[in-house]
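Next come the structures, one after another.
Heads up, the next two complexes both have subunit A, just with different partners, subunit B and then subunit C.
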Partner chain A sequence: MNAKLGPAAFLAIILACAVVLAILPFVMPPFYVRVGQLMLYSAGLAIAWAILGGFAGYASFGHAAFIGVGAFAAGLVEDRFPGLPTPLLLPLGLLAGGAACAVLSAVVAYPILRLRGTFFAIAMLGVCKVCAELNNNVDFFQGSLGLNFPAIAPPDWDPAIFYYQLYLVAGVAVLLIAWQIRRSRFGAGLLSIREDEDTARMLGVPTERYKRQAFVISAVLTGLLGVIYAHSLGYITTDSVYRDDTNLSLIVYSLLGGMGTLFGPVIGAFMLVFVTQVILARLLDFHLFATGLLLVVLVLTAPGGIIGLVRGFRQRRRAKNVAPAE
Partner chain B sequence: MNLIAQTLADGLVLGGIYALAAVGFSLIFGVLHVINLSHGIIVLMGAYLALILSETLHIDPLLTMPLVMAILAGVGYVYQRFLIQYAVDSTPFASILLTFGVALMMNNIMIWLFSPDMRNITPSYAFASFRLGPIAFDAVRVSCLAASLVLLSCLAALLKYTSLGRVIRATAQQTMAARLCGVNVRHVYAMTFAVSAAFAGAAGIVIGIILPFSPADEAIWTLNAFVVVVLGGVGSPAGALIGGLLLGIVSTLTAQYIGPSFPNVTMFLLLVLLLLVRPQGLLGNAFAPSR
Partner chain C sequence: MSGTPILRVEGLSKAFRGLKAISDVTFNVVSGSITSIIGPNGAGKSTLFNLVTGYLAPTAGRVSFKDRLITGMPTNRIAELGVARAFQIARPFRDLSVAENVRIGALFGKAGARDVEAMTRHALELAAMTELADQPASALTVGQLRHLEVARAIATRADLLLADEPCAGLNPTETAAMIDVLRRIRTSGVTVVLVEHDMPSVMEVSDRILVLESGRLIADGTPAEVSSNPQVIKAYLGTPD
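For the complex of A and B:
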């Protein structure tokens, strides 16, 4: 549907939505501002994941590694500059976190992108576990002790709303980056890797370079979101950033919304966060069961996600409209 | 010197049990090309079933093994035939997510039924031990190791000599050709799953006797199985045995000489390295989809 819109109109619609979302927290009750933060954060992560997992078809099961590495790099660097004025702290943290993720992902990319499919997914889980355990057990990283982050919200700004809007800006930025990638030659190359990597390579697509670039971009964006997340928590340990449920959720967001689409991850993240945080909030004993059931039902009934369902429905309706004319 | 020998002996005993716990996972992976993330759940179901049966019937937990294996074989057959088969027909990622969803649900159900506390199966000979030269062996651990070696040999014989084994191997090698020769592939898939679940359950009993267990452990056993299979190679009991022994030795050596919190690091480093260097596993028939 967005293929018919010109880029200028698309940009205008996205920015208009962003402005509406930015005003919302002033009229929402505080609980929903918190839920909104989580939705925007998850949506940002989901899009960053989908640049590699959705476009190129390399579904990673260990992206929490980059959240953790980004967050800890930012925290450790910010600790070295205690005298810095507050407005400069976040940019410094983002720079450190992004750089750490870029280096890590660029190094890891060479060996790990030789693997495909499930093997890539599980090897990424291995990478995440190794990072988490090293972070936890090597004293320098203070993973088990924990790291404090300074409060960066301006004094006359409600911190909840400040982080909500920060996530919104970050999320929109990630969305626009993904959109531009999707429109570019690079994006077309990634899609061709997903469809048939060997054929794409034979036809002259530089698959190795494209995969590595997508991996690094995805990792850096994930790391930057991790830096913001760490600031909004205020205090992190290894367990609070290297989370297995994040690893899983990132796949589920895309699967729920529609794998490989631009808005699928956003829809999936919004829906899943709403369901788990608002509807199931009082049923903590039931939480795992409900998530598992959702996964099973999804796989069996809607393998193309919500966008897949909508597209299938439209195609059937169009087919029905065409049929009587014959 | 004694310390090294003792550590190696402990590692071998542990590795034999890892191998038994992984062999079912390996079989499903090799035949159905499904990564069964609910494998750890089946292992734990074996442990809990053995706990219940041995307490109600007042018999030795190892004697409950035939009954537990029979029950879980039935469960496995139904699980594959009526649930996983649909995902096998769909995309490769579908089966992973499906089995993961089932694992989450079953984990929650086990917490309701058995509470999240650690449980333990304690047979009468729990604290007996004997010495062989300077190295001490727990009677329990050795009997469990013996049980797992016997079971692995049985499975190898089943795959090699029986008609079911022949059909399973044929399906694993060339699904289409097997189907053309009149093999009912869905039935074979379900039978493979049944065999795999039975052996996972048997492993669960052995694990339950040696180590404390709780519903949260399922992820550990699934991951261990994956590592063992990647190390040893897919689809053969011998591969699982090699992988399991290697993993057991590596984790006890790391715990002894590097630090008790590092076995996971070395385990996953080993996993990633082996995936890169020798993706078909130490003994394995090459599996194409990894590259």
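For the complex of A and C:
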């Protein structure tokens, strides 16, 4: 399918889509620019999550930990440099947030990646809770007090459109990284880990190292998106970044779109955000309930997600065409 | 039998709590040979493979491959040196096609430069799987899955193939096809160690046979020597009365 498309053609299509998406907010009503922000942010998170959860099969239930750690690390560091020119603040924050997530994930990886399946997922939820509690209760981190983030949008740039386009750039970057991983030997190794980790090791796949690398890449990309998110909010507390509904949504995005695929998480994130923010806009209290319900229905009826359904449909049609006409 | 040993097993023992699964087993595998390990169920054949590939750590003893001590090395490091294994119960990557399965073997396995696509083709051909290359692994029969196991192991460019009962549960035609594949693999320069129950095939294909009983090595020799060894006849082949 995608494999038949050359890398140059793939890149061209992605960049063309990105240009169209970049122009859209100038003609969209402000409400939809906000929805678009959330869609792009969620899609970026979904792909970052899928590098570990989809490609390697290590589904994390606590990736909000990296959003929180990234956001707070960025905020605390940016606070130390009040005199810095505005254009340098975000790069500094990204550096701090990415580094904090890299260190945290590299340390946590050793004990936690020995666990498989549900045990890994639940242990990650534990990691998220521990980080949130520490962040909230250690005064130095200012989690309960809250952190202010400086306005970084250039004065002649509508902040809503600025963050929309920032999320777009970040999302495309994450997508291209995931795409390159998928095409590489590393990606094939992750795939074999997902399929059967013991067999992979027997074939010479350095499973422990690959899992750690995928974990750190996934954590850092999630943290970087968390830094942008914190700036777009302007003010964060522990509760606004270590969110349980984020932990849940990241799994649902991949399940909805297609677990283990490149575009599944994107499709899932776009659809779920659209449904909850636009269709269920007047029923915001209802939205976590709807997400949970959708999760149950999906697991029971379409374990391969939307991409799985489309592939199944195509295969059946091809089988029908091959069968003798009768 | 003379020749340079590719694999040396010295005084290898493995105990699971009280049970001695392997006791003080010593043997060499000559480079370029087909060596079979036979023995009744529970004799310790699979445990021996698990010890050589690093899945289990031995209680005592040492294993060296190409004069390098591999006891205690992680499984993937042993694979990088050139040891591959085909499982008795086939463990394909079910979501992938036959060719994709084999390609994973070609991408990893023994360290060093390689041509992944050429190696994949070569391994598929050697295991007589070329025509099934695009099939999903989940659609294969038991016999075809065994061939896939062997093809994937060969694609790793291993120098030593450990084949765990590749003929178990196969009909005579399939068994003959698998024996033919193993011969071709040996001809291509890979040393084969085979665990097998099917005595006629073992006698026909092996250069050398090791007999395990209750974790002990009770005989080691050519097919003719082993089949006339009274201890082997008593322990494994059964007395005629």
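By our rule, the second predicted complex is superposed on the first by the 321 of 326 C-alpha atoms of A that agree within 3 Å, B and C clash if a C-alpha of one lies under 4 Å from a C-alpha of the other, contacts with A are read in each partner's own complex, and residues count from 1 in each chain.
Here is the rule we go by: contacts are C-beta pairs under 8 Å (C-beta built on N, C-alpha and C of every residue); 3 or more make two chains touch, one makes a residue touch a chain.
What you are looking at is a predicted structure, and each value in this text was computed from that prediction instead of being measured.
J.: Classify the contacts of A:A319 with the two partner chains as first (subunit B alone), second (subunit C alone), both, or neither.
T.: Neither partner.
J.: Just to be sure I read the superposition right, which of the two partners does A:A8 touch: subunit B = first, subunit C = second, or both, or neither?
T.: Neither partner.
J.: Look at A:E195 in the shared chain and tell me whether it touches subunit B only, subunit C only, both, or neither; answer first, second, both or neither.
T.: second
J.: Classify the contacts of A:G204 with the two partner chains as first (subunit B alone), second (subunit C alone), both, or neither.
T.: Second partner only, subunit C.
J.: Applying the document's definition of touching, compare subunit B and subunit C: which contacts more of subunit A?
T.: More residues of subunit A are touched by B.
J.: Using the superposition on chain A described above, determine whether A:V20 touches subunit B (first), subunit C (second), both, or neither.
T.: Touch partners of A:V20: none, neither subunit B nor subunit C.
J.: Give me the intersection of subunit A's contacts with subunit B and its contacts with subunit C, in residue numbers.
T.: Residues common to the subunit A contacts of subunit C and of subunit B do not exist here, since the sets are disjoint.
J.: Help me check something: in the complex, which residues belonging to subunit B touch subunit A?
T.: 35, 83, 86-87, 90-94, 96-98, 100-109, 111-112, 219, 226, 259, 261-262, 264-265, 268-269, 271-272, 275-276, 279, 289-291
J.: In their shared complex, at which residues does subunit A touch subunit C?
T.: Going through subunit A, the ones touching subunit C are 185, 188-189, 191-192, 195-196, 198-208.
J.: With touch defined as at the start, can you tell me which subunit A residues reach subunit B in the complex?
T.: The contact residues of subunit A facing subunit B are 59, 111-112, 114-119, 121-123, 126-127, 129-130, 133-134, 136-137, 244, 248, 251-252, 255, 285-289, 291-296, 298-300, 303.
J.: Which subunit C residues qualify as touching subunit A in the complex?
T.: Subunit C reaches subunit A through residues 53, 55, 74-76, 79-80, 84-85, 87, 91, 93-96, 103-105, 107-111, 152-153, 156.
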